[in-house]
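One structure, as structure tokens, below. Some questions next.
The letters A, B, C and D name the chains in turn, as written, and every chain counts its residues from 1.
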Amino acid sequence: MSVLKVNICGVEFKNPVITASGTFGYGLEYARFIDISKLGGISVKGISYNEVRGNPMPRIMETTSGMLNAIGLQNVGVHKFLKEKLPLLRKYDTRVIVNFWGKTIEEYVQVAEILDNADIDMLEMNISCPNVKEGGIAFGSDPSMTAKVVSECRKAIRNKPLLVKLSPNVTDIKPFAKACEDSGADGISAINTLLGMAVNIHTRKPYISNVTGGLSGPAIKPVAVRMVHEVSKVVKIPIVGMGGIIRWEDAAEFFLVGASAVQVGTANFVDPELTLKIVDGLEKYAKSQGLSNISELTGKVDLSK
Amino acid sequence: MKGIILKNERLNDKYRLMEIESPEFAQTAKPGQFVMVKTGLQDYLADPLLRRPFGVVDVRGNTFRLLYMLVGKGTRLMTESPAGSVIEFSSSLGNGFKSVKNQNIALAAGGVGIAPLLWIAKLLKDDGCRVTLYFGGRNQEDIILADEFRPHIDKLIITTDDGSIGEKALVTAPFEKDAAGFDRVYACGPKRMLQAVSEICVKGGVPVDVSLDERMACGMGACLGCIIYVREGEETVQKRCCVEGPVFDGSKVVWESVCR
Amino acid sequence: MSVLKVNICGVEFKNPVITASGTFGYGLEYARFIDISKLGGISVKGISYNEVRGNPMPRIMETTSGMLNAIGLQNVGVHKFLKEKLPLLRKYDTRVIVNFWGKTIEEYVQVAEILDNADIDMLEMNISCPNVKEGGIAFGSDPSMTAKVVSECRKAIRNKPLLVKLSPNVTDIKPFAKACEDSGADGISAINTLLGMAVNIHTRKPYISNVTGGLSGPAIKPVAVRMVHEVSKVVKIPIVGMGGIIRWEDAAEFFLVGASAVQVGTANFVDPELTLKIVDGLEKYAKSQGLSNISELTGKVDLSK
Amino acid sequence: MKGIILKNERLNDKYRLMEIESPEFAQTAKPGQFVMVKTGLQDYLADPLLRRPFGVVDVRGNTFRLLYMLVGKGTRLMTESPAGSVIEFSSSLGNGFKSVKNQNIALAAGGVGIAPLLWIAKLLKDDGCRVTLYFGGRNQEDIILADEFRPHIDKLIITTDDGSIGEKALVTAPFEKDAAGFDRVYACGPKRMLQAVSEICVKGGVPVDVSLDERMACGMGACLGCIIYVREGEETVQKRCCVEGPVFDGSKVVWESVCR
């Protein structure tokens, strides 16, 4: 499997397939169903300082080849996470990335400081949840705010690499990526969900209580691929690409446009084994392309005419 | 998991009964559990995307059965899966019904809510319970599987909204009259019916287990899309319908948040 | 059919189903296959002053439940359109909306002036094509530019109602809609395509020669519904909603979130009869809902908790 | 339009032959035309979304045939459409091949490019032409329908890249030797092959019709997704492969823009 071994921001992953935040719980939920030690890593559900109960129900709805969610960042809070979830998750041989957020810069920093000293591999700062007014999206819709929150957190984080997860709901993602890099982020993850809405024409009510929700799944892949490509043109730090990956071919596409690793989200709901199939598929593909390592694929899209 | 569809039988315009062979599933499933079913036959297509949850009707040898109501594209697609074809699904999920012995039991079903009650009826009956089934529907079309129940129940009370079969009433009407006499109630159906049944039980001091449904993305406790609010002492706590449910203590459910 | 009759910016449409620009040619292409007189209207392929040859091939690719296109606004130019296409199209009993664009404000005005005196029913100003650098997108990504080009065109257009077609590739669509209204637009049409990209992992080349293309089809419907809803919250002028409509249920959803008419694009490729089925379906739905006119549905999404 | 699949025959791992009953289609189709096929059986699903273009192999009574190569999800889905099921498609599209009488004709096919040549071969032969078929493929697997051609051609020359059947050569090699002797050439196959065939014909002064393929969204001239560049006098003009094609005068095609 060494053909799949990748180093992202100084952390070695046995393979570049990571489950995406919010779609894999705290990792443990899936341990009954698949061998999670075969995953490159797990990005856990977005953690905040205090426990958060999230949005009212209903929170999810399927759309054509995608789904809307407005979970509202429900989580057990950083303390309970570290005490009750992390020790169990650490028993598995996979990298743990902790996705985190705050309502204010202070809260971001507070959580970051705690996580920086915890037994985790990497932090992923979420400034892009579209479903909570104070869930960081304000920091993800204005590059100067992005710069501020990232540099404040950077100061607080001394021991761990920091990914920043970007929102696709912007006119131009490039300044955000640049702001992250300039403010000390070690890597970018992209993309979070697209803001969407669906209405039940019989009840006339939105399918999601929050009215709008985040769109994920294969439907959004072309937008995600485009944005990862754009990000790769302006930053040198590694990119963890995601959005609509359900097959290894999708993952390969993200590598070609500049990703160094991928995250897989909605696919975990479609079938928990898809991530493992993606790992296998990528390995075969890398070998068939004569690569000694999958990272040789990163950014190798051929733009010649 | 994979299984082979042995039967995909049309009961009427609204319901189908599917029998699937899968020793692995059959050996592990318990009454009241559910399964997430990949409704499309092709794994290379992404519409429909998510799996659909269905209650396990029963297990017989190496096979299990699903009763499904035609709702949208997923269930419509299931009607097109021919016998002999392979179907994919999760392992059996959720907590299921807790069985009891030698008690006087009521089952209350509304429409397709009948699905998870057959198996528990069998078990209860085998374990010396007296079992009464209250089964309500809009009309005759909804009153399905009743014949399969007969050997496993002592009494069957049918109601329909239009009186096309049984009493013209909501199923809660006859149930309410008898409720206080039962030791325990198992119910599945529309949420408002479950709320009514639970309120009747609470009044009568009868324990009640309700099987709830919420839209589910994962069915495995990861997405947090299926939250049910339940009272624990002074607190209202959040439960995942898929993992801590689908069966809940009806007296604890915060119905205002569940019936929307 | 009077239940479907709608009045959009003073123009009466026999029904609110209009074929979307770029997906129905100059209307005539489909006349062989369906009775185009049954359509509420036709928005023709984006017209510019001079003939334009568009982007190199390949220009289209299917994606999951959607497609990418980068046609590059190929068109015969306004003069040839008026001389060769319009007279033939006018033989059919359907409204003709002319989608137009320019490389500069002057060109927008030039085309608008010509069209204002032509035998057409409405103008639709495209400031949102993502596939041509000078195809108006600059005017659609900055509200002050939008205001400028709309108000200049408004001065030139005296006889015809003016729709402005908005881009979804923005952080917030509301200021754009507001700018249009304030600058004298009679209506808004939304949305154009989402910017996307897809790569062939075997050749490593983008499937679209232009690298990126516009994503359309059912995949984008939740984003489109959300944006139409947002627009409806800030403007009083009518909205023509579109994005991913392939069934009457989809169309009804757009009405509920604020559209007064809909456009159907990619669905014309899926099956040319879908638009006619949407007309029939909407009529039955309106009647079943006890409406005397479909317009009673506009904006009737129920946001109560 | 709709038709009923009468046969959906596996020729080998790579190719299938589908026979569809549709009097309406059969009565109007002409040799060299194509059809846009809805590959999914369910019209309520959106993946795959667009219809797929296929050449019409031939028409026999009320039926027509398609030869399809397994490429991606659309064609894979077609393999799963059982005989007896309904399939949807457009009317017959495109300009088709112009037939001629009493001439010495070459047909040149590469792989699945054989599809639209059978019908025109029949017509040409019936109209007194002498017909030679040059048929190239990667290997034996690609050499399909050859037996069906035999009654309608005078000579068959097969080439494969690996020599597993016929001459080990590109199909253009034997063709080039004989080219100057033909009155007209009809060709279908990979673009580079069509370019080579066209260049040989131009050199020999032989008229050549090539059937081109481009990705198509509408197939009806509306989307402008299928542009072919063709020389008209001094100018390079844009043609829509679906409407003005798929058959073009090979001597006029601007090959640099078509072979990418």
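Heads up, the rule we're going with is that contacts are C-beta pairs under 8 Å (C-beta built on N, C-alpha and C of every residue); 3 or more make two chains touch, one makes a residue touch a chain.
Please read all numbers here as calculations on a predicted model, not as lab measurements.
Enquirer: Once you count every C-beta pair in contact for both, which comes out on top, C-D or B-C?
Expert: Between B-C and C-D, contacts are more numerous in C-D.
Enquirer: Where the CA atoms of chain C average out and where those of chain D average out, how many Å apart are those spots?
Expert: Chain centroid spacing, chain C to chain D, equals 35 Å.
Enquirer: Taking each chain's centre as its mean C-alpha position, how far apart are chain B and chain C in Å?
Expert: Centres of chain B and chain C (C-alpha means) sit 46 Å apart.
Enquirer: Between chain A and chain C, what is the gap in Å from one C-alpha centre to the other?
Expert: 34
Enquirer: Chain B to chain D: how many Å between their CA centres?
Expert: Result: the chain centres lie 54 Å from each other.
Enquirer: Where does chain B touch two or more other chains at once, residue-wise?
Expert: 46-48
Enquirer: By residue number and range, which residues of chain A touch two or more other chains?
Expert: In chain A, 56, 64-66, 209, 218-219 touch at least two other chains.
Enquirer: Mapping chain-to-chain touches, which pattern fits: line, ring, star, complete or other?
Expert: Topology of the interface graph: complete, with all chain pairs in contact.
Enquirer: What part of chain C is in contact with chain D in the complex they form?
Expert: Those in contact with chain D are residues 22-25, 29-30, 32-33, 45, 53-54, 56-62, 64-67, 69, 71, 74, 209, 217-219, 246, 266, 268-272.
Enquirer: Going by the contact rule set out above, which residues of chain D touch chain B in the complex?
Expert: Residues in contact with chain B: 40-42, 44-48, 73, 76-77, 80.
Enquirer: Give every residue of chain C touching chain A within the complex, in rising order.
Expert: It is residues 56, 63-66, 68, 141, 169-172, 194-199, 201, 203-206, 209, 211-213, 215, 218-223, 225-226, 229, 244, 249, 252-253, 256-257, 285, 300-303, 305 of chain C that touch chain A.
Enquirer: Across the complex, what residues on chain A touch chain D?
Expert: Contact set of chain A toward chain D: 64-65, 218.
Enquirer: Tell me, which parts of chain D touch chain A in their complex?
Expert: These residues of chain D touch chain A: 46-47.
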